[in-house]
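Common to both upcoming complexes is chain A, partnered first by chain B, then by chain C.
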Partner chain A sequence: MNRATRIAVIVAMAIAVLAPIGLVVYQSFLDGPFFQPKISFTLSAYEFVLDDEDFFDALYNSAIIALGMTAIAVPVGALLAFLMTRTDLPGRRWIEPVILVPMFVSSVVLAFGFVVSLGPAGFVTLWFKSTFGFVPWYLYSKWTLIVIAGLTHVPHVFLYTSSALRSLGSDVEEAARMTGAGPLRTALTVSLPMVMPNILYAAVLVFFLGFELFGLPLVLGDPEGILVLATYLYKLTNKLGTPSYQLMAVVVVAIICIALPLVALQRFLLRAANRYVSVKGKAAAQKPVSIGVWRWPAAAMITAWLLFTVVVPLSGLVLRAFVSSWGEGVNLFDVLTLAHFRELMEFPNLTRGIVNTLLIASVGGALSVGVYTMLNLAAHRWPSGWTRLMDYLVLLPRAMPGLVAGLAIFWVFLFTPFLAPLRQTMIAIWVAYTLVWLAYGMRLVSGALLQIGPELEEAGRIVGASPGRVSRDLTIPLIKVGLFSSWLLIFVTFMREYSTGVYLLAPGTEVIGSLLVSLWGTGAVDLVTALSTVNIAMIGGGLLLMSLFGKRSHG
Partner chain B sequence: MAKLIIDDLHLSYGSTDILKGITATFAQGEIVALLGRSGSGKTTLLRSIAGLEEPKKGVISIGDQPVFDAAAGLNVPSEKRGLGLVFQSYALWPHKTVFENVAYGLRLRNVPKAELQQRVAAVLEGVGLGHLGERYPHQMSGGQQQRVALARALVYNPPVILLDEPLSNLDAKLREEARIWIRTLIKRMNLTAVFVTHDQVEAMAIADRIVLLDGGRIVQAGTPEQLYTEPVSLFASEFMGVNNLMKSRVQDKRGGYARIELSGHPLWGKDRAGKGVSEEATGVIRLEQVEVVDGEGENRVPAELETSVYLGSHWEHVFRCGDQTLRAFGRPLSAGTHWLHLPPEQLWVF
Partner chain C sequence: MRTKLALLVATALSVTVTVAVPAFTAGTAQAQSVPAGYDPAYAKIIEAANQEGALSIYSATDAAAVSELLKGFEALYPKIKLEYADQNSTEMYNRFISEAAANTGTTDLMWSSAMDLQMKLVNDGYAQSYTSPESKSIPDWANYKNEAFGTTAEPIVFAYNKRVVPAADVPKTHADLAKLLAEKPDAYKGKVTSYDPERSGVGFLYITQDVQANKNTWDLVKAMGQTGVKLYTSSGAMIERLTSGEHTIGYNMIGSYVFERQHKDPESLGIVLPSDYTIVMSRIAFIPKGAKHPNAAKLFLDYLLSKQGQQAIQARYMGSIRTDLASANPTAGVPDSTLRPIHVGPELLTYLDQVKRLKFLKDWQKALQGK
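Right, the complex of A and B next:
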């Protein structure tokens, strides 16, 4: 790419990132929706929201939940990572892929699973009651929400900690063992401090995700009226009867104001986390540490966690999709049915939603990876003020939860005359998805780009290729495999996305995720569980593809 | 005829000056080594010639054509300079076969297919890899990869070929063969070549001329013999060989020679730096110039044999003379005191 193209790409990205945020900030200072003819600037929307007890309730709940789930997810995730990467735990090989499942299933689907399994009339609840005569839990309390949120975010901590532990050469541990430290002491005084920056990073990430939580509190908090920031925003839609755009804009501004410092902190910590990467020793052969009889309680703990966060909700959900009725005294084998799936097919919007989801994930995902690649190439090996600007711009969409970004994009399409006809098409959805996952996608592609040494491209220049030819003939072919695996990850990510499409939901733009959210509001549990099952199956397909590809590219 | 001219080249990264005014001329058909320690600026100079670094001042011309001129705002991009560069890591493209790696430069020049086939085959033949065109780089040994990198740089007949530490990734045995092989190839094709190295033996073996760099400046330029036998500074003399160093003061001067002292024994040596009487000075003598002799005499010192190391073709002896250590090559010696002769014409006083 030449300089002019690079700058053009970066400017285009700046517009795409800044326009939605600018519009939201603009809207927050108006006294009515921005498209009304007579509007004026005012602070009344801020006054209203800051006067609303519900807002502070939601803010308080968000903070408590974020803190609580961090306190649960970090120790469990770190311990899990250590057990999986460093010890001779039995069954590590088959546990490993299952651990990441909660990351790939959309949290709204997981929440439905908890309701149908552990809710007051859930499968497990009823079975427990009929066996023991009482039920010691209540699903819809704030504390249950914290525990569920914490346990479902364990994979995030696991992922960052285990990759750090893996990149740590076992020579540093062996050196500690040689100087006389036992396995436990080595873990606590050498391994743990060395991966501490990564754990800290994961902690801030989980805390941040806690503030963004939408699916879990929407489903699990609603019955008792527990609001968090995102669900408060969602409920606000109809607070004043008319669409109260200015109030929503104020809440969005509040969410971004909280999220932005957290994002900046993550960026700072990520740099610190990479500090030890350069001093790693030979990461080749890692010898697992023997933990003796402790293997069995450790394995039991992991099994219990998997049972609670993956097996119980997902199997309950799938089971619920295949039965016509259930309750005390009903034999489940007598009520098995495909009726819910048949019903699903009778709603054109639902079938359209399934097709749209497949399209957005496959075609849309590929286009998004194309966009992320363009952006990365624009900044590739070009140390300048422009690329630094780009670094900061990427952070902005990170600070917008899917729900918020979807809303902002919806407004942009409403506001901009030449975009308006596209508002009710999948293009609007694609733009929103691409923006929401911008930082994630950029990192996937840049990870691939970092693998190629600068001299491979310099060699191209020397033998006579222009910068454009170097990108086309050398850089892109070299990262082909990385781009394909990025696409697979984006495919699964788009497949599970549920919150971004909520405000963009219209005839023609249905996707499974946003349909699930709106169907849950109507109480159509049969359809919700059937559609969730379809979604799980699609994600499962994607993951299967990923593991097949992973095996092939390694072998 | 001058093929490559560099005039007063300056380059800095931020506030760090890397090149501080390099001026050099490279003649057609000449092999020149840029020799220096890491951080001396030798690789940066090579990359500046290639167009991969942008100096802030100076002129670089290839043939008669300037390719970089800071004052005129001229900076021809790498791909338009038409040079060949062999990277230290070889930088072979892993997704292309050996044939395609070599052919890429010709494809970019729109060479017709038949001619391309023939030219790639010829250059691969020239580097002794005629039969391996269909392999991928990872299927080859380090030595073979290096030959591919060289073939890739040679195939489009560049006016100047640049080599960045071409032998550093080969093991010791292979390196000795490659020195001779590379020199023969470049000479046979009558190419102008500039290569970077930190190894003075390698520089002397391959190059017609050596440019010794230190701290972004040229210390000395000349034939390998000139650099070895007539170093202009203490740094140059230390860099080029294995030496005995003697710290002292100038005692006396006479007819181009200066007298220093080694533990009280007078020693005459060539006055190379023009130091005045009673100024601090350093005496330098190559190990192979120190002779073990039978008795005392002019420019001889007594020394206690401390230890001897057997090196196969000869022995290296370590002597002690007062608080100074002297080393010399020779035949096996018995323990005790020996007389060492340091010929005045081989002893340099800086």
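Right, the complex of A and C next:
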């Protein structure tokens, strides 16, 4: 890409990001909805929020949860990635798709699965109680929430780290093993440091995800009234009776104030990104590290994690889909039924919702990865003020909790004349999804890009290729694996996303996520669990096929 | 097959004829389309609605629960393409005022269980007035100036887990519940559940109604606070936990959801309509001034309030607002003096006043903490 194209791409992105964010920041200084005729500038919204002890309570909880889950998800995810991609652990091929399961189940539904299995009347709890006479856990405490949030975000770290590890040559690991390092030492001192940029990105993103966590605290924090920033927004609305946009906007501004120093910190940590170049202009075959007797503790760790984050909640969920009642004094065999699925079949617009979801996730996801790659190439090997600007911009959309982001993007479409006709189409939803998940897709692609030695591209330039040709024939093919796993991540993310699209959805553009949420609201848990079961089966099958196909195409 | 075709041709003909020479065939054509008992001039609304050809509804009632209702409407008026968008009541409100401000035209019918938000929109002048031919069949309290209409009659009930709560404990009145909790605080520790008025708009509405209906409400709240009541934001979360036995008594539950669930799971869930007083809530519908298809909206509103529409609502346990269908409601047999319907009117706006609302929430907190 030449300089003019790069700048054009970055400016286009800046506009797309700053339009909704700017609107929200502007809104935070007003005394009423920005679209109403008589409004004036004031700081009263800031005064109200900063005077509200619930806000600080929520902020504190969010910070603790974000920190805790980062501390759990990053080491577990990184180690898991090393085991799955670099070692001869048995059964890797089959475990890998299962690892991603917590990502593609909507977090509200996943949390509900935990309630059915580990809640005070859950079937695991009741079994444990009848066997041992006591129950050592309480599902609704803050600490349980942190552990669950941490363990269910392991897949994010796993994906970022494993995509980088895959494109790493084995020479360094072999050298370490030959000089006598054990497998754990190899992982901790050689392989994982090589992919440190990806792990750092993942850490910052998981921390950030922690700040806007919504589904888990909504369900698991409900009984004890544990507030986080995203659920605080609801409380705020209800405290005043009608939605108060300026107050919500203030909360977003607060999150932005946390986000910006984080980006600075991340830039500081990565100031010498070229320390981590691993794909160089020479062949490096990949050979798995033999971990010998270590395979048993490793397998035990993975099994334990899978049991807790996948088997326990999903069995609760699937079980609930097949029974009419559960809990204390219920013999589950007496209440088995297929009625929920029959009811589901009659559900209006179900097929359309499923088709739309698949479309937005697969085609939309691929297009988004295209956009993210473009943006990355625009900034690739170009140290300048423009790329610094970009680093700060990409994280901003995620500073808005899903519902606020959805509202802000809806406003942009509604009040911008030339965008208005697109508002009720899938295009608007795609734009919203792409924008909100900008940081994630961008990071995946850029993680892959960082690993390509500059000499390859320089060689391309020397033999006379244009910048565009270098990108097309050299850089992109080299990061193919990275692009594929970005698409995978985006696919599952879009598959379960709902909150962002809520205001853009119209009859004809329903997605499964929105159906789930509207059903959850009215207490139709029968249908929610049945639909989730179908959803899981669908994505699970798809992922399995893809991982087999993926293995073949680059294995 | 042949008869079907013939019927189709006949219908098509009669429609064309109506349009072409209304003066002569008006009698026969209207007999087909104008609902019985309506003014013949209603044909004009039907015609205009057919011209509009579409109808958009924003609703807080999920599409599955009203699928029969919607099918009935589509069968009556096949030329009108129905777009039913269900969403939560706050989203509905946000979307509506934004679209109204953007001047691009709004949805044609707003239908929501958040009575106070609906009333606020009506009070802010967003609704158009329409005298429904069905309005004589609904009680006065459910009709505000022909602008806002209550469309359902859903009791607010106690629900309890039949397997866990002994029959002798089941409270029949609000006082019973307070007494039970005072007498057996240990058995019901953490077992009572209700909406959190601080986090849920409907929960707030019902508890303010309680305070109006019963001066001892704060004592009940105190008793609930002392047993460590668990407060939630959605009825799904509560009903699910009630059936599992995680909680055993649910206070101020929306009747329609509980009855629906009880129908599927009669062994687990018991329901009490409190015999001292039972609050009745109603989903409010109004036609916005900015409606793009106002005539289609009128047809739908009339259909919604008609016997046929109300029976479809009753079938899903929401309870009919019509006086002539009340005998088939969940509240049938309850004397009128016991029922406390939440009136559709400006009194719903009382607690949208910020100062009053925050004061009420403070009182709630105090009572809950036993002060």
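By our rule, the second predicted complex is superposed on the first by the 279 of 555 C-alpha atoms of A that agree within 3 Å, B and C clash if a C-alpha of one lies under 4 Å from a C-alpha of the other, contacts with A are read in each partner's own complex, and residues count from 1 in each chain.
Keep in mind that, in the parts below, contacts are C-beta pairs under 8 Å (C-beta built on N, C-alpha and C of every residue); 3 or more make two chains touch, one makes a residue touch a chain.
Fair warning: this is a prediction, and the values are worked out from it, not measured in the lab.
Please work out whether A:Gly523 is in contact with chain B alone, chain C alone, both, or neither, and reply first, second, both or neither.
In the superposed model, A:Gly523 contacts chain C only, not chain B.
Output check: A:Met301 vs chain B and chain C. Expected answer is one of first, second, both, neither. What do you get?
Touch status of A:Met301: no partner.
Just checking: does A:Pro223 make contact with chain B only, chain C only, both, or neither of them? Give me first, second, both or neither.
Only chain C; A:Pro223 stays clear of chain B.
Return the chain, chain B or chain C, that is in touch with more residues of chain A.
Here the partner covering more residues of chain A is C.
Of the two partner chains, chain B (first) and chain C (second), which one does A:Ala459 touch, if any: first, second, both, or neither?
In the superposition, A:Ala459 touches chain B alone.
Touching A:Ile7 in the superposition: chain B (first), chain C (second), both, neither?
neither
Please give the residue numbers of chain C that touch chain A in the complex, ascending.
Of all residues in chain C, those touching chain A are 56, 60-65, 67, 70, 83-88, 90-91, 93-95, 97-99, 101-102, 104, 116-117, 120, 163-164, 196-201, 204, 230-241, 243-246, 257, 261, 264-265, 267-268, 351-352, 354, 357-358, 361.
Residue numbers of chain A touching chain C in their complex, please.
It comes out as residues 33, 35-36, 112, 115-116, 119-122, 218-219, 222-223, 225, 231, 234-235, 237-243, 324-330, 335, 339, 343, 346-349, 407, 410-411, 414-415, 420, 502-503, 505-508, 517-528.
Can you check the complex and tell me which residues of chain A touch chain B?
Residues 453, 455-456, 458-466, 469, 473-474, 477-478, 480.
Would you pull the chain B residues touching chain A in the complex into a rising list?
It is residues 50-52, 77-80, 82-85, 87-89, 91-95, 104-105, 108-109, 152-153, 156 of chain B that touch chain A.
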